Amino acid sequence: MTLHAVVRAVRGQFELSVELSAEPGHVVAVLGHNGAGKSTLLDCLAGLLHSPETSVRLDGRELSLLPPYRRRVGVLRQRPLLFPHLNVRDNVAFGPRAAGARRRQARELADRWLAAVDAAELADRRPAQLSGGQAQRVALARALATDPELLLLDEPLAALDVDAAPAMRGLLRDVLRTNTGRVTVLVTHDPLDALALADTAVVLANGRVVEHGPTQRVLSAPRTPFAARLAGLNLVAGEAVEGGLRTADGALLHGLHAADTEQNSPAVAVFAPSAVSVYPRDGRVPGSPRNTADAVVAALEPHGPVIRLRTQAAAGWAGGLAADLTPAAVADLALEPGTPVTVVVKATAVDVHPAWPSGLARGPELPERSGQAYS
Amino acid sequence: MTRDSTLRSGLRSPRLLWVPAVVGLALIVLPVAGLLLRVDFARLPALLTSPASLDALELSLVTAAISTLLCVLLGVPLAVVLARVRRGARVLRAIVVLPLVMPPVVGGLALLYLLGRNGFAGYLLDVVAGVRVPFTTAAVVLAQTFVAMPFLVISLDGAIRAGGDQYERVAATLGASPWVVFTRVTLPLLLPALGSGVVLSFARALGEFGATITFAGSLQAVTRTLPLEVYARAEADVDSAVALSLLLIVVAIVVIMASGRRMTDGVRP
Amino acid sequence: MRTVALALAAALLAACSPAEATRTVTVFAAASLTETFEQLAKKFEAQHDGVDVRLSFGGSSRLAEQIVEGAPAEVFAAADEKAMAKVTAARLADGKPRVFARNRLTIAVPPGNPMGLKGLADLRKDDLTVVMCAAEVPCGRAARALTTAAQVQLEPASEEPDVKSVLGKVATGEADAGLVYVTDVRAADDKVDGVPIAGADAAANSYPIVMLREAAENKLARQFVQFVLSDEGQRVLRDAGFDAP
């Protein structure tokens, strides 16, 4: 499936005008603050909102004139919204039933999808008896059971607590990795979700695309101030290794692995500019920090109440870093572009996340694409 | 009773509310108690099993049941459409509750001016099909449906609007056509509200008097329902009217008890 | 605030003072007496300066029941003796009831008598919608006495709770005929016509009036009863279509 969508919509003062493309099997992340138009965009793709100037083409099939139930889209939202009057199995069987499957056939399919999201034991429960994470897994199974050609994920992790979110993120990665060519659009305000799940990222501001490109590039080297503010993180790509991450040129950055990070697979180390300390090159670095590296100041620019320092591009993890300093510190250290410095990051401030795509490892066994029409 | 919990809610209603609450309850309980005190229990079996009483009871139960069914068949679609209407919803809602605020006798007159011999629909029916509605059991059902339907529509309309359309939206993205969404999602979610709406409309139909006597008249076994029978008996034999009133109360209580669970169930989670 | 309280207190005192109490008289009267008693009350008030006659109309049996239950009536005028008997049996009457009028039944038909009805027997015609009073009320009792005597078995479309609703059903055109009192037809002006019933005289019902014990202290109550029985009162009743007692 190839997605090409042009969505234009006006609501009062707000105007949405977005072009979105995706290769078969790809995941597009749509990033933006609240009110940027992300959910409106998703509702237009799903057909829940109509706008005359909208075109949604999926492999040349024009969806924009179809009602939602003919579009073959799957939607997973922040809240699972499982039907409260049906048990878990019948929730998942709802889509196949609506497509005309017989009750038994639909329930068998539901059981297979529940197994795929590791929720087989929940099949007979009522939605009210599930935890937030369990319910979201079931909702994912329900969305996938209709075998959608376009999967729309609307902040699927935002409402989960800190324990459930990594597990759900891992499950989504597995599901998206065993993709069969369907396009996925992931709406999120969290750059980490985009990093972990998406091939490409689109940054939305005031209803318009301000930046788009491969996820890591958009997030680590934002070209617009807006994308920089949204992302605002230091990203170091490499491979997850024991105790941290190894960059392509062999440097080791100590850090903490996220729950879904796998050893020896592509990963990204993430840390905030405020977690970076800057010292004079020959000065003494206090204590024994694990992550210490030399760098050269490339630029200094005001960033709200602080000064953001950028280092020159270089090998290792300290090239192209952002660090936030107080104006007093900048004066004390007499920093200016070209000044050699030593940068330090505490290992506990570095999170190592799996990066997308994360290689050829197979995910769990998922039900076969059913494709056939139900009689 | 087992002691399954040592926890109690820490919330209390203000003590001040207890006074009007008790007065309010007394206002309902005391008149009914007064009625019970007047019942002549020695004559009760004979009074209740007289042919007139049995005819009235049967007629009341049958017509109220048919009216309630009509209320469901017409009222559920009305409520669903009403809740989704964008323009003129306020005007439509005001029209739907009109029978609720209209004195029933006026409702009866209104029906008469529509379906009576000189009403335009009634005249057409008479001339074209030879059908005359007033003074028939059908007129009783129409009068009851007229006054009872608002209760059903209001119960459902409130529930639909409180619940929003989030589940319907989910169902649509799962491939469900509007009809499937209605039958498999909207309706099941509305069942609790439908339950209380059905009870309210049945109760209203059972107690209907003014519109019935105006539109349908009062004839044993044809149009004289329990309330009309009570009214007619009160002219001559109060004991017998009281006995019949007791019967009406018992029927009402049975209906409420039978559906009590539905009424106390929550609407949407 | 204070003036309101004072005014209230004054009103309460006035209501309680015996001098004021005798300036009103409360009369419960059968529904068929509505127009006549309103006229009688007006004349009575004209003759007694500052007097207020309070009238309450309804089905006789219902009024009798209300009186037995303690309604503050001082004079009761019923449409038949059975309703009156309820009040006398409860020992609430002051003296013996006296019959002050009689009323015959007639057939009320839409203006111009479109069906051309000529008497009771015509009411058995097919496809004719006939309404009458329920057996529990005086006009229903009178109607049944009449039909039994005439050996005409009627099949009414409805048995109404009082004579005014029978009249209403004919006046709105829903019924082709209804059994009502002569006085009702006369009071309804041109909304209905009356078809006389042969032998209606025999089944005419008697209207008794009585002063109630409640009014023992009230001279006006006695005066009102006397007024109804006086020549002037009887003239008003005769004009309305009532027969002499």
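Details
Letters A, B and C mark the chains as written, and numbering starts fresh at 1 in each.
In this section, a contact is a pair of C-beta atoms (placed from the backbone, for glycine too) under 8 Å apart; a residue touches a chain by one contact, two chains touch by 3 or more.
This is a predicted model, so every value here is computed, not measured.
Relative to the C-alpha centre of subunit C, the farthest chain centre belongs to A.
Nearest to the common centre of all protein CA atoms is the CA centroid of chain B. Rounded to whole angstrom, the centroid-to-centroid distance between subunit A and subunit C, based on C-alpha atoms, equals 87 Å. Between the CA-based centres of subunit A and subunit B the separation comes to 54 Å, rounded to the whole angstrom. Separation between the centroids of subunit B and subunit C, computed from CA atoms only, is 36 Å. Annotation for subunit C: no residues touch two or more other chains. Subunit A meets subunit B in the complex at residues 46-48, 67-75, 77, 81, 83-86, 94-95, 97-99, 127-128, 142-143, 146, 152. On the side of subunit C, the complex with subunit B involves touching residues 59, 61-62, 65, 129, 131, 134-137, 156-161, 165, 169, 172-174.
Of all residues in subunit B, those touching subunit A in their complex are 166-167, 169-178, 180-181, 184-185, 188-189, 191, 268-269. Contact residues on subunit B toward subunit C in their complex (touch as defined above): 112, 116-118, 132, 134-135, 213, 216-220, 223-224, 228, 231-238.
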